[in-house]
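Which chain is which? They are A, B, C and D, in the order written, and residues in each are numbered from 1.
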C-alpha cells in the first residue's frame, strides 16, 4: 500500500504516497475534535479523495473536563481508491489528553502513529483518566510510533501576543493539531484559513488567533526534526462530476427539498428533536425558501399527527425521529395506513432498547418498523445504505408513498446520519418527477375506489368542490369508505391492504449482485452496513473465494427476485447490527437456513471483522 | 343427536332430549338481548350444562332504533357434553325485529327454528331494515320452522294492569321471550324470578312487571298450540367440583386478585378505558377490599407508566388495554424491560389496524407484542385460550414476570373477554404461591447482579436501608447498573436480556398433544381458537384421520419441545385469526413449511369451517 | 378559490348522507343541528371547510357534516388539525372533541394548540363522562363521582376546562350549553369569526350515562338565576338584574343588588382585557356563584399560520425563491473531470 | 419504618458516588447543591425518598442523589411517580424535570398530576431551551427565539408555567431561581412540607445554549427592583418598598409608592386565597411588571393517596377484608358431584 515518492514542496522530508489513511482525532468534548475532524475531512474532500467519516461523541451531556466520559472522537478514512467505510482502525491517532488516549488506544493499529498533546498529561489528568503511571513514560506505548508534543504550550506561545484570553488560547490548540496533520498529509492550508476567517468573521481576533495556531502547527511539522516523513494520498479516481461532502442527515434534508420540487407538493416536516435525528430538522428548517415547512411539535405523537394532517391536506407529511419516537408514533402510523394517505416516517436508528445509547448506531428497529402496530398493518419499509444514499432513499420512499398512497418507513442510522462521504451531485434537471394526480372529478367518486394496478385509492385535496368526503380509523366499506362492521368486508379490506403493499414490489428494480450470480456464499445486507460488506466481500473475492453480495433497499415488501437469487447459493449469511432481524424475515419467507453475523456494540462493522466472520462460512 | 323421551311435568308436549343446542337472541340494542342471553346462560349453567357464549353487540354507539346498525345479538351453546365453542350456527334464532332477522338469518341452520316478534314487523321497521316485502309473508323463510308471535302485544296485554309506563312495558318483552325459551328447554323459572326481584329491588313495580312478562312467555309456550315439543339438554358430565359461569374479563380480574393473594404483593392496575378491555377495570375496581388498587390514568402512556412506577415501588404493576393502547405503551414497556422490573401488560385484542373494529375479535397483535419496540427488546408473551383460562393465564404471566424480573405481555381477545363458559373453581388454598424474595441485604449489592439460573436481577423495595440505587433507560453496566457507553458491555447486556427471556422456556411444562404423537398433520394454535381447533381435530380424529393438535400458552419464548414435536408430523397447519403471525415465527425458527388457515372477519373460527379447511391438508 | 354559489347554501347542504347514530335524546343532536344551521351564514364553500375529530360519541360528528372530514384517533384531533391548518391555511378547520378526548388523552395537544394560537375552531362537548366506552369517569367528572370505573367514587379532582384553556394561553374561550340553542348559535358564530384558536366548551347532556348533569343551572327555568351571561361592555348582572358580580382582590364576589344586603358596582365585562379577569370569572361555579356562559376571552394575538407564512415570505425575500440545482451545488464542492 | 439515626444525616449522605456531568457553570449544580443541603433537615431516612426524572440535562439529577432513583423516559416522570406514590404512600417522591420534559412531551401528565393533587414534589428546571439535545426551542422559549430548530425564530408563543399549573388546579405553585440559592432553599423547604402536588419552577441558566436568559431580573443587582418576593401576609412591595402591586378588576397594577405618581394600597399577599389572585400575580412579567418569586399558591385540598387509602379502608369496612376463596365462589355457583 505504501510507495515512496518525492514531493517537491517538502524537500526536507521524505514523502510517501499512500493509497488510504485512517486518522482519528480525539480529545475532550471541549477540545473541538468534531470541528477539527470535519475540517480535515473537508480539505481532503476538496483534494479529491474518496472518504468516509465516523464521528463518535459521548452521551449528550458534557462530562467534567478530562474524564473518560467526556472523550469525543472523529475518525476519517481518505483514499485515492473508492472508500466504503470510515476505516477499521486508525493508523494515526491524535490524542489531546490522557482520557482520549486511554479510551482510543486499543483501536490504533500496531505500529501506528500516535500524536500526543504531552502538555495535557498532567498528574491531575492522568488521575482523571485512571492512569496510575504516565503512559508516555512507562513503556506501555512501545508498540507505537509516539510523537509527544506539548501542543498546549506551543499554541500558548504562538498566541501569546494576540491579546486573546487564556481560555480562547486553550481552545485554539485543536487548530495546531489540525495544522500539523495538514502538513503531514501534504494538504494546503488556504481553504482552512478562509473557513476560519468566515466562521469567526465577527471576532477577527479569534479568527486571527486560530489561523495563527493552524500555521504554527503546520510550520512545526515542517520545521521540527520530529517527523521524518510526510504522506500523499492522491485524488481518488471517482466518476466524473461535481462532488460535495455530505452527512446522511444533510442528504436526508436535501432529499426532502428535492421531493418537494419533484413532486410539486409542499413537504411538511412535523417532528420532535431526538438524537441522532434532530439535524434533519435543523437542516431542513434553513430551506424555508422552498416549498417546505418545518414544525417542531410538542412530542412525537403530535409530530406524526401533524404530518398526517398535512397529508390529508394534500401536502406530503414527513416526520423524522429515532426508535423511541417511532414507538410513540405507531398508533398514528396505523391510522395513516388505514386511511391510505401518503406519509414518510424517517427513523434514524440508534442503540436500544429504551433510551439505550442515543449517540450510538444500531440496526435493531427493522422489526419494529414492519410489525410494530396492532392488527394487520402492513406498510413499505426502506433503508438507506450510506450518507449520500439518504438522498436517493428519501426520493424513492416518497415516490412509493405517493404512488401507493401509503405511509412509508425509511430507516437510516446514527452511523450514516452523522458520517460524511463525498457525494456526486445529481443534475437537478435529470431527477425524475413524481407529481401525484389529485382527483378533481366528482363523477362517480368513491372514497376507496382503487387503481387496478397499484390498488391505491385516489388522493383528493380538501378544497376540491364536489368531492367532500370523510375518512377515519374505523374499518370502512371497500368502496364508499363509510364505516362498515361487515365481516366479509373487513377480511377483504385486510387482504387488500396487504396486497397493496405487496404490489410495491412490482416496481422494485432487479437486485444487483456484487460478484458471480451463484456460488458458495451469498452475503445479504441492508442499510448502513453496505460499505463494510462490499469491501469485505470484494477482498474475499480477490482471494478467490466463491462469495457474492446483495444489498437491500426494500425491506418490505422484499424484492421479487430475492428468493430465486438466494436459491442459487449454498449458504446465505446476513450481517446485521442486531440479533438477526432481516435474518428472521428471510428464514420465514424463503425457508432458507440463513445464518447471521451480529454485532450490537453501537458501532458499525469493521471490514476485518466481517471478513474473518465470513471466512468461517467459506470452505 | 336427538332422542325422543317423555317429560312427566310437560305432559301436553313431546319432549326431546338433545345433547347440544345453540340459540341466538337478537334484537335492537335497546331490546335487552345481552341481558336475556346472559340470563338464559346462567340458568343453563345452573342446570349443569357445559356452555360457551358469544355476545355480539354493535359498535359502541346506539344506532337509531330498528336499524341494521343497531342490532345486538347473544349466542349460547349449551350441552350435556363438553363444549368448546359458542356453536357454529344457531339452531334457534329469536329475532325481536326485522333488522335483527335480516342481519342474523344467514347464520341459522337450514330447518332451524325461527321465533319472530311479529309485532315489530311494521312497515316502518321493515323499511329501516331494508326489506321491500315482509319476509313473514313473502315465502323467503320457507326453509325454517317459523313461529311468528306478537311478543310486543302479548307482553303489553299481560302487563296492562301493572301501572307500568308504555316504555317500561315495551322493555319487558325480552322477558316474555326468555320465558318462552325457558319453557322450551324445560328450565325452571325460579332462579330468574329471584334474580329479577333482586335486580329491581328498588323498583318493585318493574320487578313484578318483568316477572309477569317472564311467566307470560313461559305459560304462553305451555298453553298455546303453536309449539308441539319441548327439549331437554341434560347436565353435562363435567368433572366434579363447584362451577360458576365466567367471562374472560371477569376471570382476568379475579386472576389479578388471586395474584395479589398468592404473591403477597399489592396489585396496582394502571389503565385507561378501551373496548373490549374496560371490564377488567370495572371488575377489579370492585375488589378494593383486597390488596389491589385501580387507577384510571389520563391515557395509556400514563397507565403503563403508573404501573411501572408501582413495580418500582415493589408492587406488581399491571395494565390492561387493547391493541391501539399497546402501541402507545411500547416506549414504557421498553423501559420496563431494560430496568428489569416485573410488570404485566394485558392486551384484549380487537379488530385492527388503527381503531378498526373495536367490538370485534382478532388475534393480530402477536407480532406487535413480540417485536413492536425499538432496539432488541425481548419479553415473554403469553396467551389465554378461553374465558376461564384467563384466570390461569394471569397467574402464569404474573409468575413469569416476578420470577424473571421482566414485563410480560398477556394476550386475550374480544371473543373470550366477553364470552362466558362454566368455570370449575380452583380451591383457593391449593393455588401455588409465588411470593418474590425482595433483597434486603446491603452487603455486596450490585444493581444488575443476576441469579445464575434465571439471570434475573434482585428486586429491591424502596424503603430498604442501605440499598438505595438508581435505575434508568440508558444502557447500564452489567454489574453496577451505572450508565455505560462501553461497546462490549452493550453487546453483553443485549445478549443477556435475550438470554434471560429465552430461559423462561426452562420452566415451561412439556406440551400436551391432543391425539397421536406423530402423524400426518399437526394443528398448532394459540389463544382463543383453542376450543374450535380441538373440536375440529377431535371430529377429524373420529373420522379416522391422522391429525393431532398442540395449543400454545407461551408464544415467546416458544416451548423447548415444540421443534421436536413439529418434526414428527408431515404437515404443520396453523389456524389464526390474522394473516399468519405465529406461522411466520414457526417458519423462521424451525424452517418448517407451516401452512396457515386465516380468518379476519372479526369473528372466531367455526368448527365446521376449520374442519373443512383442515380436510384440505389430509390425504 | 373555487367558484360556488355560496349564498345559496342551506343547512341541508351541510348534512351528509350518513344516518346520525347517537342515542335518542343525546345533546349531540342539538349541537349538530346548530352547527349545520349556522354554517351557511359563514359564506364559506363546503369544500373549504374541514372537520377533524378524535374518538368518542362526540367525535362521530364529522361523518354527519357534508364537508371534508377526518375521524382520527383518540385525543389527537388538535395535533392532526394543526398539520392540516399549517399546510393549508386556506381551509377553515374545526375540531370536534369530547371531555375525555380533549382533556384526558388529548390534554397535551389541547394546551399546545392553544398556546400556539393555531387557527382552529375547537368545540368541546363536555358531558363529564366517557360516553362511547360506556360510562367511565372523565377529567371533568366531579370528585366522588360513581361511574363504571369508580364504583366507590372517583378520587380525582376535575379540571375546569376554561381554567385549563386560559392557563395554556388561549386567545378565545367561550362557554355555552346544549340546553340553549340560541345562545349556542351565537357562540358558534363568534368561534367562526375569531382569528386564532377558538375554544368553545359546550355543556352537553349524555342521557344514558350522565343524564341531567347540568340541569340544575341550564334548565330553562334555572338559567336566569344560576347562570351569568357574559356580554361585552355590559355589567355582570344576573337573576333579572337583582344580582351582580365584581372582583375584589382578584376574586369574584356576588352582589345582592335587589335587597342591598351586598351592595356594590357590578364589573363591566371586557372580553378583550388581560387574562386575569377571565380566569377569575371562570372560577365561578354553582352553587355559590352563577355559572358563566358567553365569551370569557377574545383577544387578538399573532396567529400561528400567519406568522408562519410571513416568515416563509421573509426567508424567500432574503434567500430568493428555492432553486434545487443551486441548493445541491451550494457549499464546498469540487469537480472531477 | 426503618430505624435510622436521621438527625445525623448530612449533605454528604445525599451525594451518590457518580461524578456529576453537567457543563461547567450550569445552573443545575446550584440546584443539586441546595437540594442535597436541604434534605437532611427533613428528617426522612434516605431509603424513604425517591427521585424520579424524565430525560434531559436536568433529568440526570437522580443519579447524583444517594436515595432511590429512577431516570425514566422523556416526559413521563410524573406518570411513573404517580404509580410509585399511589402504591407506596410511605415514600417521599420527588420529580425532577425540564421545561421540555415537563411542558412539551410531558405536558399531559404534568397537568393531570396537578389536578389529582398527587403528593409529588415537582422541580421544574426551566432554562427555556432543550439542553440535552443541544439547543432547540422549548415551550417556554420566547416568541421569535432563534434556536437550532428555528433558525428564523420560533413562531410558537410560550407557556407561562405558573399559569399552566394554576389552570390545571395546582394546590402549590412557587417560583425561584438558581441565582438565589438562599431563596431556593426556602422554596425547597416549602415544597417538601406541602401535602399534595407541590410545583416549583426554578429559573435555571443553561450556559451553553441559552446563557443569561434570566439575568435581567435574577442578577444580584437586579433582583430587588425587577422581582417581587411574595411573602405570606405581607404587602406586595418591591424596589425597596418604593413600588407595590395591587389588583384592579382582577388585573395587576404597579403602584409607585415613592413618587406618589401612582398611589394606592399594595395588596396583602395571601397564598391560601382562592386561585384567581395567584393567577393574576403570575401574569406579571418583565419589563412592565416585576417578576414574581415565592409561593403563589399553597392551599390544603384532598390529597390523592389519602383519598385512595380512606376509600380502601371504607371498602374493607363495608365488604370485610378480602378473602380469595370467598370471592371465587361468590355469585351463582353450582356443584357437580
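Keep in mind that, in the parts below, contacts are C-beta pairs under 8 Å (C-beta built on N, C-alpha and C of every residue); 3 or more make two chains touch, one makes a residue touch a chain.
Note that the coordinates shown come from a computational prediction; the quantities given were computed from them, not determined experimentally.
The chain pair with more C-beta contacts between its two chains, of B-C and A-C, is A-C.
Matching B-D against the pairs in B-C, A-D or A-C identifies A-C as its interface repeat (over half of contact pairs the same by residue number). Note on chain placement: the centre of subunit C and the centre of subunit D lie 29 Å apart, centres being C-alpha means. In this assembly, the C-alpha centroid of subunit A lies 40 Å from the C-alpha centroid of subunit D.
Centre to centre, using the average C-alpha position, subunit A and subunit C are separated by 44 Å.
In subunit A, the residues touching two or more other chains are 69, 288, 298-299, 324, 331, 335, 339, 354-355, 472-474, 483.
Multi-chain contact residues, meaning those touching two or more other chains, occur in subunit C at positions 55, 73, 104-105, 107-108, 112, 139, 152, 156, 308, 311, 315.
Contacts from subunit A toward subunit D in the complex involve residues 60-65, 67, 69-70, 272-275, 278, 281-282, 285-286, 288, 294, 296, 298-300, 324, 354-355. Put simply, subunit B touches subunit D in their complex at residues 42, 45-46, 48, 191, 235, 238-245, 254, 257-258, 261, 266, 268, 270, 287-291, 293, 295, 297-299, 301-302, 305-315, 317, 331-332, 335, 339, 425-429, 431, 462-474, 482-483.
Per the touch definition, subunit C reaches subunit D in the complex via residues 104-108, 111-112, 115-117, 139, 143, 152-153, 155-160, 163-169, 247, 249-252, 267, 273-277, 279-280, 283, 301-302, 304, 307-308, 311, 314-315.
Interface residues of subunit C facing subunit B in the complex, by the touch rule stated above, are 19-24, 55, 57, 60, 73-75, 104-105, 107, 130, 132-134, 136-137, 139, 148-152, 154, 156, 208. Of all the residues in subunit C, the ones that touch subunit A in their complex are 1-2, 4, 16, 18, 45-48, 50, 52, 55, 62-63, 65-73, 76, 79-88, 90-91, 108-109, 112, 308, 311-312, 315-316, 318-322, 324-325, 327-329, 331-337.
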